[in-house]
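Sharing a structure, written as structure tokens. Questions coming.
Chains here go by letter, A, B, C, D, E and F, matching the order in which they are written, and residues are numbered from 1 within each.
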Amino acid sequence: MISPLLDALIDRTLAEDLGAGDVTSEAVVPSTTKATARAVAQQPLVVAGGDAFARVFYRVDPGVRVERFVADGTRVEAGTALFAIDGTARALLAAERTALNFVQRLCGIATLAARFVAAVPPECKLRIVDTRKTTPGLRALEREAVRAGGAHNHRDNLGTAILIKDNHVAIAGGVKNAVARARERAVHMTRVEVEVDTLEELDEALAAGADVVLLDNFTLDAVAEAVRRTAGRALLEVSGGVKLEHIAAIARLGADLVSIGALTHSAPAADISLEITPLGAS
Amino acid sequence: MISPLLDALIDRTLAEDLGAGDVTSEAVVPSTTKATARAVAQQPLVVAGGDAFARVFYRVDPGVRVERFVADGTRVEAGTALFAIDGTARALLAAERTALNFVQRLCGIATLAARFVAAVPPECKLRIVDTRKTTPGLRALEREAVRAGGAHNHRDNLGTAILIKDNHVAIAGGVKNAVARARERAVHMTRVEVEVDTLEELDEALAAGADVVLLDNFTLDAVAEAVRRTAGRALLEVSGGVKLEHIAAIARLGADLVSIGALTHSAPAADISLEITPLGAS
Amino acid sequence: MISPLLDALIDRTLAEDLGAGDVTSEAVVPSTTKATARAVAQQPLVVAGGDAFARVFYRVDPGVRVERFVADGTRVEAGTALFAIDGTARALLAAERTALNFVQRLCGIATLAARFVAAVPPECKLRIVDTRKTTPGLRALEREAVRAGGAHNHRDNLGTAILIKDNHVAIAGGVKNAVARARERAVHMTRVEVEVDTLEELDEALAAGADVVLLDNFTLDAVAEAVRRTAGRALLEVSGGVKLEHIAAIARLGADLVSIGALTHSAPAADISLEITPLGAS
Amino acid sequence: MISPLLDALIDRTLAEDLGAGDVTSEAVVPSTTKATARAVAQQPLVVAGGDAFARVFYRVDPGVRVERFVADGTRVEAGTALFAIDGTARALLAAERTALNFVQRLCGIATLAARFVAAVPPECKLRIVDTRKTTPGLRALEREAVRAGGAHNHRDNLGTAILIKDNHVAIAGGVKNAVARARERAVHMTRVEVEVDTLEELDEALAAGADVVLLDNFTLDAVAEAVRRTAGRALLEVSGGVKLEHIAAIARLGADLVSIGALTHSAPAADISLEITPLGAS
Amino acid sequence: MISPLLDALIDRTLAEDLGAGDVTSEAVVPSTTKATARAVAQQPLVVAGGDAFARVFYRVDPGVRVERFVADGTRVEAGTALFAIDGTARALLAAERTALNFVQRLCGIATLAARFVAAVPPECKLRIVDTRKTTPGLRALEREAVRAGGAHNHRDNLGTAILIKDNHVAIAGGVKNAVARARERAVHMTRVEVEVDTLEELDEALAAGADVVLLDNFTLDAVAEAVRRTAGRALLEVSGGVKLEHIAAIARLGADLVSIGALTHSAPAADISLEITPLGAS
Amino acid sequence: MISPLLDALIDRTLAEDLGAGDVTSEAVVPSTTKATARAVAQQPLVVAGGDAFARVFYRVDPGVRVERFVADGTRVEAGTALFAIDGTARALLAAERTALNFVQRLCGIATLAARFVAAVPPECKLRIVDTRKTTPGLRALEREAVRAGGAHNHRDNLGTAILIKDNHVAIAGGVKNAVARARERAVHMTRVEVEVDTLEELDEALAAGADVVLLDNFTLDAVAEAVRRTAGRALLEVSGGVKLEHIAAIARLGADLVSIGALTHSAPAADISLEITPLGAS
């Protein structure tokens, strides 16, 4: 996420958590007291959101120093120190919760994504991809977290690529017509995807020249047949409540993509603690 | 959430999901085609986020009409229709995902909160409360969802009330000193809370005149003893990884509050579908 | 006020005073000419707004250095130097008026607040508190200025605490009902205040369990009787056009709080001059 | 003030005063209860800020209707009703304080400005003008209030006209040089003003072709002499702590302008009450 | 462009052109005077920017009515009326220049784009596409104008598709490596384009599996050879100072795309007049 | 343009061109690879926009260093290096297009303005001035570019000076009335301009005391007569499709100003290249 946008997001979030300022610390903690802190993984996890975590402290006080021990995308065991932070006690206490709220959510997503990726047999080409079911306001960060977990992104938003759904087909009067209109309108840098509910619709989509076909709620058998019929003429995306335990089978059938909404809409927050140690005044 | 702030949040979220506009619909759907839609619960859930859902459509196109069948805070069964939406097909398709992303998350939180609330025996005074572990950018909406689920909110942010933690005590040179400084600084409309790790610290907090004491990671036995020692002189908040199955026992011990971070940081999205039906041009 | 919000406020204010830029200095002052300046109190005053003053210069030009001679909350005599500023002449001339507009208003508030605080006999517990009658856009800074003057803040805004007024009582069908509903809804960290016009209403408020009672336009005699009846069961706030000359008497009656709208809505600006001395090019 | 900017200012101010929403009314007032209100002058005053007052209610709830009984710029007696407001009780209670904070400040400014204007003998051409000593964030509204009071505005900001001060003269190496550079740079639609401390400097400014000369802290005798020497070749602005009681004399000497910082930096808020009457549910 | 973003852009632009408000009209035009206006093409042009034009008036005053006589994308002759506008004279005078500044620029772009499109022989598949050389702040509107002219858009921004340039190749150590890395990182909905300077580089790009190849500053002969060698394995984009007079020849060679920076960076504004007729007070 | 506003404009523009980030460079360019770049004029031009160019790089990455070889307002030959830039390859590639889009447009305006200025015979007083026909969102920067080219600005916006047009005259019931009302309302620092279509209207405007008169679409003969009749009582501005080849003649007739809308609405972008050289990792 580019810096000006990330900073703007962080500033809004700090306003949310700090309001008029940290009353407790202003009352109890001298402004010159220094502190040091360490963020430690309390569970095995895949790291994501390091930039957001570090810049929260920086936006609270540019004098805080954040050292990163592991890069985004790294898998770590419980007990691993992820960040060291040094600055005034007031700054660390003020930024703590906001920084954790970002990094715990993003590590949660990366960790879940990595579990899906790990389920793909190494010899298979299957990509795990996210969806537009992201948290309002956090899409860019969540997409980065998905990649940190080794998965891939689907289209960024409705403006960047074409995905023709059943309603579009109905209104356009058929798949062929819808694909033709979409191709004419689409930027030449993008592919055209069509959602299908049956193998018959798949045939239509392929005949219409779809670049990617989304197989909506297909059984494993139907996916197998779809791969056979498609024969490489289009990428095939399997979608619809796919569970972790189905990934290996789908991969072995030769599908190209599985999209998983839960990566972003239901990943539990990762458990990361921040232990702050006051150091006395500087 | 007050309207100007809600609209600003929705606008940022729409920008995220629409980018330069819904290319697919612009290519395939005539601008005059009308449609109707119905949002239906696919699981038992507690409704929250109705305002956000409705205003997403309104911000995309003020001509869309959203009818709400059930108020926030209502528990519904799977299959219940929550909203009916009427407008142009383009507007409905453009707003669909953003509206669902809001309402599924918020219903998820309300539903989880309601499960915790339901676990409190009716004769007990125990309040389930949230924490500051909210999604960056969504605190106000998530706090409303917590209340829709029948739970209560903790302090809004660091600026609105005092919570003295171990670091504050260490820096202040003791609980008594910390509470005195905090009381002097605090707005008279707010109470002062102290976090304690042991029963000895509880005694100190009570002696210092704390209004609320947070019992951090206490065993059930220790909570029982804390209730006994406190004898109504302060509110007691139980905190630290409390699971649903412990709620009834804690409630019966006479604690006043249990705070649950998972309400907002790990509630899975509720399953709600939006079925859109094109109607032809008006 | 947290930095990102303060900077955003300053940027808006600079846009207001600089528009397309300081035409006069661009025409007449070489960009390399340096200058030094000193801000001097022209009257006895209590300092407030030091952060805002310094950051105005910093936002115009990060190369400007501002030294602060006295901390916020300090009382100084006429003739005392408050700040020294060094930088380019263009930056100092561009920031001058905006920086003064902030600091003169905020020192004016702190100085008026300090006069009220000084009127409280030392043996009395009376707190002088502000109200929500603040300048649109400046609430956070004005509340800090009130504290710099030794007074205290009332609730920050309508969302952070409960104050039940006559209309609320009328709609709720009585004080008891209103307090009960408010207590159920309120965050447990906050107290519930009730406004009363008569001693009878005070009795009702106390019976309903109000934590704080606002005595609206009570005579001194009525305040005395209110203190007697309340007997410590609630905090008593005296409100309604209280003048400086009444403070001592109210304090001696044993009231807990006096709220003064004039602290923020009618404090005259403090007289502070900024003398700039050009130094030649660096 | 143009609508989009006024609305943005109001939204920021509402966020300041409402925070997460009006807790008291949400707890106590049913959402369907209607109310009516009347804003009444409690002192003689000149009306200003009517737009801001009305739009605060509209931004809280577009369903509120505000009727204006007197236009901005009108002088009214104590007891005059200024506005009637009808809407839900919640909306009226939520908007009340913000709307009053705007209108009381702006009427205060208009009323003070009108007192200065009234002090100018009818046969004199003297204009009372404001300065850049405005409240941060409120310049546009305060300038309108000054005009509502019958006074005039000085330049809007540093970018819209030239005012050469002593530092500019010192750096430019003389008045003549400074005026020449300024004239070359200035937009041809604007005049060039020079600040002078002595009659000798006035002579220099006139010789240099200044369009307007600011007489800084001149005695009445010096002003008289300045008028004589200038003989209509430039407009003369009297400035520096001018009190109401000096206005008539200055006007009779033939000065063109008196600028008064206190109009905006120290006008006490006007006393306006808002009486709300609940009406029951609609 | 989605409405909230368009309105925000318009509001910023109105602030730029109106500042503190239209002084002239406030002084001279009664607030109740109505007017009617007509925007008329003074040259043959292709219409674009109709939404922006209409919403400028609406943002100034929601009471203004704008009727559109011709849709975006329509070619009209000189003298054609494009819009009729009715409202208060003040609103029309205030919005006039801003509305024209939008529509003249956007019609200018559409008109230039249409000239390039018209130069493509009807039997050729060649697409005229824009570039990222757009006006800062206006990309979304300018891309729509390009489409109104019948041309197509290239990728929206650096985040939505891959274009590998010479520097990327140098850093990656060869085309093959660069394409492989890009393909792995790219969203599966997007194609990968490679810029080449020679036919040898074209061969490498094709071997590496590029989906699109940008021929940078190729002669017509080299383009012909490129088309031959590519044989449909990739789309070919001709780029680099292409003039209108070369379009037909390039099209006949069988290239797929020509990108023209001048469409957005150097299109002269279209000549459109707005004739306002005052109507008297309503 | 003051820094906070310039940075905000740049941030919006970067968001437009970078979206979710530069995918190509992230895929292909290691984050530690350094690069150096040089911006070189490809045509004779007048430099403008140096601040905007440099700050684009700084906003992308504060570690980038930009050296400026020539100041704004300098005329350079083709082949002249304007800027050197050093930083990471990723930062340079990400900022390149946005920085060029600013500087090419602004240099284009300065260069066109300089051509008009050069056409004024040295002995003539004629000023070339811009209009309000600027690019939406870029007025401040474009006005600076006009000045860099040696021309002057007209009024900044509708709020900073008075220009009475035919509609104003019609509504006011005559020039005299319109000027009188405008003078009363106008800030004393600003002049009053009147637009006239005929010599008779010029006489009226002069009689009414206009400070500046705009001669709309006058022939050269009519301009000559206007200069004669005016005899220095007002500034005369020639306006209406004036071409470069008419400037000398108009200047010799003794007009004071010629306003040229094309300076900002139709200046072609200047040709400036940015050559980036990768340097390897640091």
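Before moving on, here are some points about what is shown:
Throughout what follows, a residue touches a chain if its C-beta (ideal position, glycine included) is under 8 Å from a C-beta of that chain, and two chains touch if they have at least 3 such contacts.
Every value quoted in this text rests on a predicted model; they were computed, and no experiment measured them.
Considering the contact criterion stated above, the chains in touch with chain C and with chain E alike are A, B, D, F. Each step here moves to a touching chain, and the least such steps from chain A to chain F number 1. Ranking every chain by how far its Cα centroid lies from the centroid of chain A, the top place goes to D. Seen from the Cα centre of chain C, the chain whose own Cα centre is farthest off is E.
Note on A-F: across the candidates B-C, A-B or D-E, the interface recurring with over half of the contact pairs conserved by residue number is D-E.
Work out the mean CA point of chain D and of chain F, and you get 32 Å between them.
The geometric centre of chain B is 44 Å away from that of chain D, both derived from CA atoms. Across the assembly, chain F contributes 18-21, 94, 140, 156, 159-161 as residues in contact with two or more other chains.
Chain pairs recorded as touching, per the definition above, are A-B, A-C, A-E, A-F, B-C, B-D, B-E, C-D, C-F, D-E, D-F, E-F. Residues 9, 12-13, 16-30, 33, 35, 89, 93-94, 97-98, 100-102, 104-105, 108, 132-140, 156-165, 167-168, 170-172, 178, 181-182, 184-186, 262, 265-266, 268-269, 276, 278 of chain C touch chain D in their complex. Of all residues in chain C, only 1-5, 8, 140, 143, 156 touch chain A in the complex they form.
Against chain C, in their complex, chain B makes its touches with residues 127, 129, 152-156, 159-161, 187-191, 193, 212, 235, 256-257. Put simply, chain A touches chain C in their complex at residues 10-11, 14-15, 18-21, 59-61, 94.
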